[in-house]
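Letters A, B, C and D name the chains as they come in the text, with residue numbers starting at 1 for each one.
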Amino acid sequence: MTEERWQRLTYWPLVVASLAFIVAYSWQVIANLQGPEYAGMRTVMAATWVVFAIDYLVRLGLAPKKGPWFRGHLFDLAVVVLPVLKPLRLVRAITEIQKMSKGDQLRTQAAILAGGTVAILIWICSLAVLDVERPAPGANILNFGDAIWWAFVTVTTVGYGDLYPITAWGRIVAVVLMSVGIGVVGVVTATTASWFVERAATLAGNDDQEAATRGQVRSLARQLETVAKALPKDAEKVLPRHKEAEPPHPSA
Amino acid sequence: MTEERWQRLTYWPLVVASLAFIVAYSWQVIANLQGPEYAGMRTVMAATWVVFAIDYLVRLGLAPKKGPWFRGHLFDLAVVVLPVLKPLRLVRAITEIQKMSKGDQLRTQAAILAGGTVAILIWICSLAVLDVERPAPGANILNFGDAIWWAFVTVTTVGYGDLYPITAWGRIVAVVLMSVGIGVVGVVTATTASWFVERAATLAGNDDQEAATRGQVRSLARQLETVAKALPKDAEKVLPRHKEAEPPHPSA
Amino acid sequence: MTEERWQRLTYWPLVVASLAFIVAYSWQVIANLQGPEYAGMRTVMAATWVVFAIDYLVRLGLAPKKGPWFRGHLFDLAVVVLPVLKPLRLVRAITEIQKMSKGDQLRTQAAILAGGTVAILIWICSLAVLDVERPAPGANILNFGDAIWWAFVTVTTVGYGDLYPITAWGRIVAVVLMSVGIGVVGVVTATTASWFVERAATLAGNDDQEAATRGQVRSLARQLETVAKALPKDAEKVLPRHKEAEPPHPSA
Amino acid sequence: MTEERWQRLTYWPLVVASLAFIVAYSWQVIANLQGPEYAGMRTVMAATWVVFAIDYLVRLGLAPKKGPWFRGHLFDLAVVVLPVLKPLRLVRAITEIQKMSKGDQLRTQAAILAGGTVAILIWICSLAVLDVERPAPGANILNFGDAIWWAFVTVTTVGYGDLYPITAWGRIVAVVLMSVGIGVVGVVTATTASWFVERAATLAGNDDQEAATRGQVRSLARQLETVAKALPKDAEKVLPRHKEAEPPHPSA
């Protein structure tokens, strides 16, 4: 069996495991479960942990070269070790859904992708912060509403300071939220800004001062190719097909 | 009657309704009206609500295909349901006024459009936050001056934390202000920054290191077209008019 | 006498008046002058006010068309009305000094221009905030060190909230500092970021993925012009000199 | 002996001195050393100071023209005067390591370079702030965990305000961290954002609306060169090799 076939087979089970993890973790933290209920939710989470660990080991086993595969899948290892990252798997599902609407505008795609990621990130980080802060003496993030509010205030870098983590783990969650989230929020911000600039360009009657796009340069290259075709026949022999220094598209 | 004709007919009535809403809401909140005066203002606001609801239903009725129209006008539905969004209608009036000065510089247009939107947004969000926070025990946003100051501090992401919402509704208003406002403020920031870079380019004697503009690439395409015309006659036959991969301009 | 000649004649007197204003205001606020010394400094400031007012009126008188001149010099009117803006005149002096080093790199120019403006802005706003906040009961910005620290924390949007204005005038100064300063700080930030990306491009061995520059497109246009010259003679007749859709360079 | 040869000889000794400085300073501050241990660490730091001072003087002596060398190496002078800047020398080592992986993607390079710099900067500034704040009465940054947390909150401009420097030196360190760090964090943010936009472009099926790259324009220039070669022979004589208005690559 190839790794690709394995990934196709395990795609939906892993999405379900991610969802199960997020539901169980949300329930446990928000309802502040104790005793047998707490144990039950923890069992569900442990089960998803086993599913992800098996998936990781099987794929490592299927890989022809273990070394390069290991170095290229450090994020997958992090997902296995840190259970809290599991729901980020759902971002892959978002991109899967988006593939169906192929051809949409770049800006819409970027906004949906960034919006989805930031929503999952805010949800997970809120749960994690509440989970580690609530039992700490002197903590000020004590219910889920506060935790969500804190996550929004942090990820937009507003940072009022009415609420903030005081435990080491809470601060580590905050640093993750700042490091990743600010970049993703940047996409949403840039999308809004770009919409405004475009709207203003429509009003001004031209967009000559906006940054040149890749599409424009490609159209120019096609125009040049047509000119070349119109040249005396011996010209065409030496004229190569236009090959562009394309930025590499990651497929992962 | 077509939807277009209806929109032309209702353009000014809806602008007036938006202004009536914002004046009534401002008066009620800032003066902290009670008793019959409060009821009076609420009546004005209810009337504007009816006007917007009728407009929405008539346009839905006029649309040839209800489904696509409904999906394409979710923002209009939000304006009907959430009265507080009504004054955003005035942004359309700003763009209307701008159309008269067609041909102005893109940067000026973007600055006016973004500045107008952010001013309306700050005003509405200040009213809404004050409205929901004032009655809450332990709240710290207690007069309109404070509310405006809080909105500025939030939208620029400074976030001192001297003032912040504590109720669920106040926090939702804050999240809207952060999400939309930061992007719009980004346009103002970028405009200021671009003015400085351009000024520096003038001083440096050249702007060779600034990002290429669409206007530049278009000028290059025109130059290439002229070269093509100078080629032997059979060249012109195969040379298509330059068609650019234009970014789509939204008309909504 | 033309307006241009007047401006050449008054250039240095106005720079001196700006410097006199900033020295007098700094002395008065930092040393918290009282009695006759306070009156003395206020007299110096009033004198610079008269100088700026006369300059404004003479230029208005010299202008052939009063209406357009008035609309095009609203900033100059603001400088006359709000004395605190006078030192911004010194930014013009910075650009004057920069002209001597014509040919420098765009990035260096932008950094010096933005750095100079932000330094003057921080200095003025610190003075203004301290001036209005110190007498207010319950204020927390009470000495010049605190005021400078507050201005840095505000302009970078960090906004700890250890210090913040509480008076209406102090908050207006803060909004000016946020609105203008954040954009200018954006230039410094972007310059730092661009230095890093360029350094990384040197390490990576190529900068193919950086944004295309205006210089590149111009070089391409020159190349195309050379090709056109090599065409049969009748080609040159129809080939216009390359005229670029240049972004307008402001001279003010 | 030339300066270049001297730099090759002293490369590793200076890296070791930087590391020795950072280890000694970290130990002294984090363990809050007193008495003989404090003196020991201080001796190590003084030794590295001597090493850097000798290096500076020798290079100044080797320079053919002292004046230009002095003006061009102000940062080196700052490193000698302010011991706390010494570890920034290690950034040079990071770039050295990166050179080995020449050909990597620009984005990865920029992220590693910026990430390394920001990590060193956060570490140094945390030590420096803790060193000057701990003895001050009323200070709130009292242990290394707090100092690191404060540095992260500052450099991302979140600025909760739970912790902030109160001494003049602590505030100067904070201003350095804000001024330099925010730009470098900007690179990390932009890298994250660009990854998202690229991912969205893959999903949308095209990246026509992304900004044009230098690689694209270069590819166009090569295409044009090929067309020129296909022209009648006398054309080639007047066609110069394509020389691009290249942004200067700093080698320092």
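Going forward, a contact is a pair of C-beta atoms (placed from the backbone, for glycine too) under 8 Å apart; a residue touches a chain by one contact, two chains touch by 3 or more.
Everything numeric in this text was worked out from a predicted model, so none of it was measured.
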| item | value |
| --- | --- |
| Most distant chain from chain D by Cα centroid | B |
| Interchain centroid distance [CA atoms averaged], chain B/chain D, Å | 39 |
| Whole-Å gap separating chain A and chain B, where each centre is the average of the chain's CA atoms | 28 |
| Sequence positions of chain D contacting 2 or more other chains | 105, 157-161, 190, 208-209, 211-213, 215-218, 220, 224, 227, 231, 245, 247 |
| Pairwise touch network: line, ring, star, complete, or other | complete |
| Chain C residues within the chain A interface of the complex | 157-161, 208-209, 211-212, 217, 245, 247 |
| Complex contact set, residues of chain A against chain B | 105, 145, 149, 152-153, 156-162, 185, 188-193, 195-213, 215-220, 223-224, 226-227, 229-231 |
| Touching residues (chain side chain D, partner chain C) in the complex | 95, 98-99, 102-107, 109-110, 112-114, 117, 154, 157-161, 164, 166, 168, 171, 174-175, 178-180, 182-184, 186-187, 190, 211-218, 220-221, 224-225, 227-228, 231-232, 234-236, 238-240, 242-251 |
